[in-house]
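Next come two complexes, and both contain subunit A; in the first it sits with subunit B, in the second with subunit C.
Here is the complex of A and B:
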């Protein structure tokens, strides 16, 4: 094996060098040792940074914005009247036949339904109803559910009462209860919202109660207690901010849930009344002849699927982004 | 409804300057109810005088933290009473009294990572107590108070807009100290304030606590299991074993004359920072079965002179007294 030659240290040379040239004292600064050089952290800015760093989210969000804008603007410009062409004998025509007869118009690009109504106009008017219904229901149920759930998790007396209420109501079949309510109070838009929200918040509140129970006795909450913080502020400042991502996740599944709920309930005949345009009605009207007139059936199915799937995916990704553990990457 | 355990105790006891600022009288603390009852602390009595640092030492699970939390009214007492400046602070209190106690008795927590609200800025965490008691005139006054206290604990005003996860453990603990100090308390329960910290910054936090004590005439109950630190910081030591207080004495008195066998075993477990001596060290193992307690010879706490209290039967106490006075 080859031996490395040792380079002898030139001790004389080192000795002659002044010590001051080699080392010098650095002042210790307490202030600079405390300084944090990391960029400033902001919770919501980090949420959106993570959310928009995925291209898929941008695409899906654009589609969502487009669909929502169409649903709320289009019916206002081109009002949909189901029975406007009822007597003109153009029922159940395909887009090709209609364009041959009337020339190209957006009114005919998805064909007509059994009353000669434009499917294209119909889906937007219905989407508007479905979206408003689900947004209103989600808003009401989430706000009531979160507030009551927070108190439910915190207060033992409230807990024992609400647990009984929950056990009783949760054991009544949901569909049955809504059908009965719709029969009793009618089936307009307002009464349908009422039927969906009268007990709809209970499940959300129960879920929130469990989440609150998990973090209620964490040490930082004890610390707030020893500082004399009242319960209301512990809930709003200590508990709810920790549950932001849980709440966004919940919202992400709640909004599409109400859209499917509307479609399903209207489809089985216990939902909105016939004069309210709705995706559920369009599907149930077209379902008997879906083989012969596929456009009248698949268009509302597609739009309801697009809305629910996109809302769900966007919501889930927003929920992921709102989890602070994802911010450190 | 639960019965107020301390109702047999008077709401106030005579208090004048020189009397103990905090007094625990036969305090029992139990968890659970019915058959699952667990007694964490039984018959704990000790006094703390104004301006002193009393350390509560004992092994994990001996009830140190439980006592500390009973003083800040997180854990209820199932028997006995706690007096602060002659007023009972355990059991049911009026809203105003309870608020007053909360402001005067503050707590420093063990784990600085767990005891700060991760979703609130440092400014909110420090202002929290100020908000609760409205201890400020206007927003500027509050900010000025917060900035003053954050500089006193050696942090910078620019830290106020930061979040706890951006800080090191020592910095977080100093935020925790700042948040209790800003309320200008008189008594602080420090629950192992340095156990979760890196060894290199323990002294910094201890010195900070000592500085505040000197400046503001604070009284500390220092909960710890590290005896070398306890010796440095405290004026008196309370030794607790499985929820029972076994020995109370002045720091040097206890270190030079540990009498109860449990205290002896604790002392013998203090590490010696010399590996050769450490290897040769004889560990004294505490054997609880060595105590022979009979109904006729009930163990109790007794002063055996020099303000040295030991728990034991009459026979044991006699031998402790003999040993203390130089006998073999």
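Here is the complex of A and C:
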């Protein structure tokens, strides 16, 4: 070890200069120079530190937690039955009319739909279905997509086969695929998830393939390979951490995507079956008379818009925070 | 490059085949075929044996099965002159119960011939009620399932057809009377290519409706549609919409006369087609012995595909004009107010379900500007296009803003930009000559997709505003089990997406000299 030359310090001089000079010489110490004083770096702690340093994120995350909690707890306490009030003649009423008639109740604060059903109860029951649908679909599609995408990008033989498959399946209209499947296996929740995920992973896998292709032949991966690092270690330690922010970005747009997808498919008539309450059903039921009965239409639209915007913004900001380059501050 | 292009086109055709085959498997083996009869009035009215035969005939029309019945087979054999034809047999088969299957010789032959060809031959007994009146005739039918490969080959084999003087199979029109020649067309006062023996009377003609020159020689056949009263799908796509135009014209029976009588009519006599059955009723308009009848009405709207394309192209052009400058502006003012407002808009468009914001903007347009909401309610035809165009442009603007901003910011940090700056180039020069041109590489690739994509229509927008376009073609067909249209629109969409991707790649290679498809690297 190299010996440092010790510089004698004039302590008196330092003391006098202390007031107006921020810099002074310190003793060189061999012991302390051996100690690493950099703070411990934990990846996920840094991610959350950056994420929570923005006030907007805290606000959005609390709204998200509130909405999700409402969607999953509220319908359990106040079950929603679309046809419970069907014969009572209270269809398509505004909140003011209902509160005049029945007195104030949370059941009536957003009016009633075409079967006299409470819109307020309806949106939470529907939000629960739409949220679970999108979370499950995103989870399945993302895990299959990332796994296959990684192999697709790494292995050239797999690449040529999957490219042909992709070019063909990507050309079959998605709506056709889903509606045929929904027709064949039924339009319940489970079959709808199946229809959305049977080819849904392909786009994600293709995206991941491109990402893996870009960094597969980077110098540091080649060096790692030359040094004899096994493939699994390269993928888990070199490639996937690099792609974390990309994956989170993708997740941020995938979850709202499935909520929109459900609304769209239900609107065109190939979505979930009518017994399953969903935002798509509420919107498409109310859309024919959206000008005359605005409450029944705009409430589910607003709740789906709130859920998707918040999920998207929170996800995007989490993705920004998960980029290690933003941790250097 | 030529070799690459050739390979690429071959692969595209292969992909088109496979996609069509896949969709055919989905439609013909997974969907329940009885659904095509669900809304069929003819099927509901038919009873007993007629119901069975009606069902088989419909299945044949929609390509599910091969089907022949005894009387059709006898008539065909008589025409071909290959079989000795016993007149009494056809007579006993058609009126009532006396068809003597299987003892009759011709019946035996029918059964043997079709069983050898792999058909399933069935005999439906005539049904007589208690009073001895035959309520349902007897039928001898042969059916056979169609192999998927045969189906696919037939579909592509029949896809392109040419109208020739041999097109009409009617024996009563002898060969020497058939011709194709240029004649003076009294409707347009221009020459027109006219045929006799061809399916269409007017093969090439001119008129005052877009695109002014029309041809009927070459037609694309993508199968029939049940929902649109058994018309060809291509016909449905290309037929005009709107209200009938009544004009002063002359009737076809008068076109060779000296002093033709002027009449008011909304028929377009350029569209007449050959029909073997003519009546005294058709003679009133078309003249005695004229087989070219069934003219279509003249309508003042665009074609279905035209409606979709006009809306789409206006929205796309609008999106480029509005979205590109805003995206560039956002990139230049990164992290400042314009960027933040723009980002908020992008987030809104990406995350909110399209159904929701289309209604939001429809509500704004209707309440604030008094724009017509439904297509049919528009007093001025041009106004009907406004809201659908805006609805379509909104997401495209958001998408363009997002990507142009992203690419420009990425380029801004590139080494060549730093170098250009260090060389003392002005910011304006750097932006217009370096960053913008490099960022455009990514945008150029998607221009053909955006433009050709307009041809496929917009599902939600067209449905909400009631636009008579082709956006709802596929979804409506799926909802009503209209198999012909499902397959036709799949072929159409696939062909468009393949062509658009190819054009996009070619345009990219043209715009960016570094891109080359011939020297592929891994």
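Please note the rule applied: the second predicted complex is superposed on the first by the 292 of 329 C-alpha atoms of A that agree within 3 Å, B and C clash if a C-alpha of one lies under 4 Å from a C-alpha of the other, contacts with A are read in each partner's own complex, and residues count from 1 in each chain.
The definition used in the following text is that a contact is a pair of C-beta atoms (placed from the backbone, for glycine too) under 8 Å apart; a residue touches a chain by one contact, two chains touch by 3 or more.
Please read all numbers here as calculations on a predicted model, not as lab measurements.
Looking at the shared chain after the overlay, A:54 reaches neither subunit B nor subunit C. Looking at the superposition, the partner that touches the larger set of subunit A residues, subunit B or subunit C, turns out to be C.
Of the two partner chains, subunit B is the only one that A:218 touches; subunit C does not reach it.
In the superposed pair of complexes, A:237 makes contact with subunit B only, with no contact to subunit C. When the shared chain is aligned, subunit C comes close enough to touch A:167, but subunit B does not. Legend: residue contacts after superposition of the two complexes on their common chain; A:283 is shown touching subunit C, with no touch to subunit B.
By the touch rule above, subunit A contacts subunit C in their complex via residues 156, 167-169, 171-173, 175-177, 179-180, 183-184, 253, 256, 259-260, 263-264, 267-270, 283, 287, 290-291, 297, 301, 304-305, 308-309, 311-313, 316. Those residues of subunit C whose C-beta lies close enough to touch subunit A in the complex are 11, 15, 18-19, 22-23, 26-27, 30-32, 347-348, 350-356, 359-360, 363, 366, 459-460, 463-464, 474-475, 478-479, 486, 489-490, 493-494, 497-498, 522. Those residues of subunit B lying in contact with subunit A across their complex are 69, 72, 74, 99, 102-103, 106-107, 109, 111, 114-120, 124, 128-129, 131-133, 154-156, 158-159, 161-163, 165-167, 171, 176, 179-180, 183. For subunit A in complex with subunit B, the residues that touch the partner chain are 30-31, 34-36, 38, 40-41, 43, 218-220, 222-230, 233, 237-238, 241-242, 244, 324.
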